[in-house]
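Below, subunit A partners subunit B and then partners subunit C, in two separate complexes.
Moving on, here comes the complex of A and B:
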């Protein structure tokens, strides 16, 4: 009975989420029928569907998605692990925190794209440059959230660990990391989200594959429909990754009664 | 010289905290001996240093003047011969009940662990709750798990820091009976900090009364009567009056007669 009710609410939430996209589509279609813009600039929704199917059929879309995902994974693993390690170190040691944090905070103020010229000079314009660019984006959210979780382990758990003689590695793996896990998972989610945004940015600068490349190519050929399919696919994949991580988060943190996996 | 296991002795112990660059004396010249297998309560108002004294006995606080001796040896840190139950249960929320009880048994193998977990959960009446999470337990149940966790390590002394302070009145009375049962069963020394006079009289062989600023031992009262004490008996009331008098809360001149 209660479960049924909950299901019905969940269904209602999903229907509510569809209202705005449907409104946008309606608006889009009605502006089209006024013929204010050329059909080459404001693409009819149906054209997008056929372009999408074409790109799927030729395999172009899948190849470009794979290329982007690959860069994201490598960059995320690289930047995320570094962020995790720095977060644990600065969270555990006030000394290391004082030594490292000022520099990290200063570097964080540099806009991501301002790194591009330096990265190109150092690493060329090949895969490595793109991966480095992505990893810079992945680094900061992982670092700050890990730091928050690790430095925020309640004193009462530290005392408990002390009473039961948990030290060093055992203390880190059995007390610190589990206690910081909610924060760390938030870090992973934000980190992966930024990686996905930055990979497209990196591919806009110069690439021969990837969703960013596909969009640049579409713009150069004046095929706005390809650009728009790219936009929608990027949004959809980002949304799917976030949702997947929320599900994993909910599983891992099932011990938290108040946790319903609905944080932003 | 051999000392019976489970003996704790405090000699000429003083302890100061630094507050705004000035030393503040919280414990002044404490002398007390906790004999093996006794149940002793330390009672006093807030700020009398009773929790500080317990933390020193546990080994969480090691900067003090004087001596704190466990089985005749100076306490230099926490040790498995002393167990602790805090006021908040302090179960780790990401571990199940069973894993929490096994928290201090990390060095044993899986089989030995399981045996001790089962044994101690049964002891506190929570068999079958191994795979529940702390957030699914009531306050009383969580505190039972905390007691099982402390006992699983087979301590010689169990330190209890207001263990029932966060429970409602009825659960509390029930848990006092449970503590008595466990003490009779385990035959170990138990030292409990509390501010509940009834609880102290009901459970203890001796009640140590402390007064505040600085914390000193004001009086030690022996409770002679046998176990399963009747809270409504005249003997119980007399001891209660004697203790309350020390806090200037006596009823010698009830309000109605004073007018």
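Moving on, here comes the complex of A and C:
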């Protein structure tokens, strides 16, 4: 009975959530029929679907998605692993923390996009510059979250590790990393999200493939449908990556519930 | 004892200078030893000289004021609408059910992705630049205002009902003050986002004045010192703005503490 009621409430909530999208669609369609704007500026919603199918059919969309994903992966691995190493080092050693952190904080004051022209001057306009740019985006969240996780390892664990005579490598892999894992995974999720945004930015800057390139191309041809499809696909992929990592986060950390079960 | 504390503090201050100084020496060494052409790696001295020249030029200050103005307008629009939207969703469960799913869906699109679409709609004018900055400012303040309103302790609301506070009085006297720390965090994040996206807005949507314009111009003319000074200027201004808003947050917090005593 109660379950049934809850179910009905959830369904009502879902229906209510559809109000805004439906309203937007109706407004869109009615403005269209009033012919207030040129067809180039405001296209019928259905054109979006047919453009999407066309881009899927020709394989353009898949190729561009693959190109973007490839750049994200390389940049993320590069920046993320550097951020991880720096995070572990600054988290474990107060001295290194004092030496490195002020400089990193100072560099972080510079908006990432301001680096883009410099990166292009240094590395040229091809693949390398894009990967470097993406890795800058991936670096900071990974660094700060790893640092938080590593420096927040409870003293009890350290003492226990001494009792077991864990040293160096073993201490790192058996105590520090598992204990910092939740924070590290959050870092991975955030840093992948930023990588995805920066790859689009890098491609808007000039590329011959990728979703950002597809949007620039659509803009130059004045085909707003291509731009909008690009926008939706970018959003959907970003959403998918984030949700996937959230699921992994939950799976990987399921042991924590029975282990330290929010004793803090 | 006090002496020892001071020396330890100075020591930790000094050690934070080690790495920057090493980098600076390395930079000077690379540029003076000729390992890289001065066009690619300008010497620190050259960068300082460029700063000196820039300070005598009006364009430099026009760039800075244009960027600051842009960010302020965008930030004000975005954070005000975001605050109201977050407040609405926080106060009304119905509003949350209706708007939150759409809001979270749209939020998935990286901000940079909006640029081509907005430019197609509004052209290469000031409007799309400000719009993109407003979008950047909108998300953090919405999320934090919502979270702040929802985390108001239930006892406060019970107390308010005892006093017979309703609607505006309830919002103004109870909910907003309780949600203030979260709202201020949102404002800080929003300002940071605006400043970060400002660069993208100025670089992608060409404009006459702006620090982003200076950096982009430096790239097009292969003028590395111009690029580096632009980057340093942006970083420095961003730093000053963050410091200011953090100071403001502390003042507000202190005000709250004093208010609680009375």
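To be clear about the criterion, the second predicted complex is superposed on the first by the 227 of 264 C-alpha atoms of A that agree within 3 Å, B and C clash if a C-alpha of one lies under 4 Å from a C-alpha of the other, contacts with A are read in each partner's own complex, and residues count from 1 in each chain.
Convention: a contact is a pair of C-beta atoms (placed from the backbone, for glycine too) under 8 Å apart; a residue touches a chain by one contact, two chains touch by 3 or more.
This structure is a prediction, so every number in the text was calculated from the model and none was measured.
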Query - First (subunit B), second (subunit C), both or neither touched by A:16 - result: second
(request) May I ask you to decide whether A:163 touches subunit B, subunit C, both, or neither, giving the answer as first, second, both or neither? (result) first
For A:114, using the defined touch cut-off, is the partner it touches subunit B, subunit C, both, or neither? Pick first, second, both or neither.
second
Across subunit A, the partner (subunit B or subunit C) reaching more residues is C
Thinking of the overlay built on chain A, is A:175 touched by subunit B (first), by subunit C (second), by both, or by neither? first
Under the stated touch criterion, which partner chain does A:242 make contact with: subunit B (first), subunit C (second), both, or neither?
second
Subunit A contact set shared between subunit B and subunit C covers none
In the complex, the residues of subunit C that touch subunit A are 12, 15-20, 23, 40, 94, 97-102, 105-106, 108-117, 119-121, 195-200, 203-204, 211-212, 215-216, 218-219, 222, 224, 227-228, 230-232, 234-236, 238-239, 242
Counting only contacts in the complex, subunit A reaches subunit C at residues 13, 16-17, 19-21, 41, 95, 98-103, 106-107, 109-118, 120-122, 196-198, 200-201, 204-205, 212, 215-216, 218-219, 222, 224, 227-228, 230-232, 234-236, 238-239, 242
Per the touch rule, the subunit A residues reaching subunit B in their complex are 156-157, 159-160, 162-166, 170, 174-175, 178-179, 181, 254-257
So, in the complex, the side of subunit B touching subunit A is made of residues 58-60, 77-78, 80, 84, 86, 88, 90, 92-95, 103-104, 106, 133-136, 153
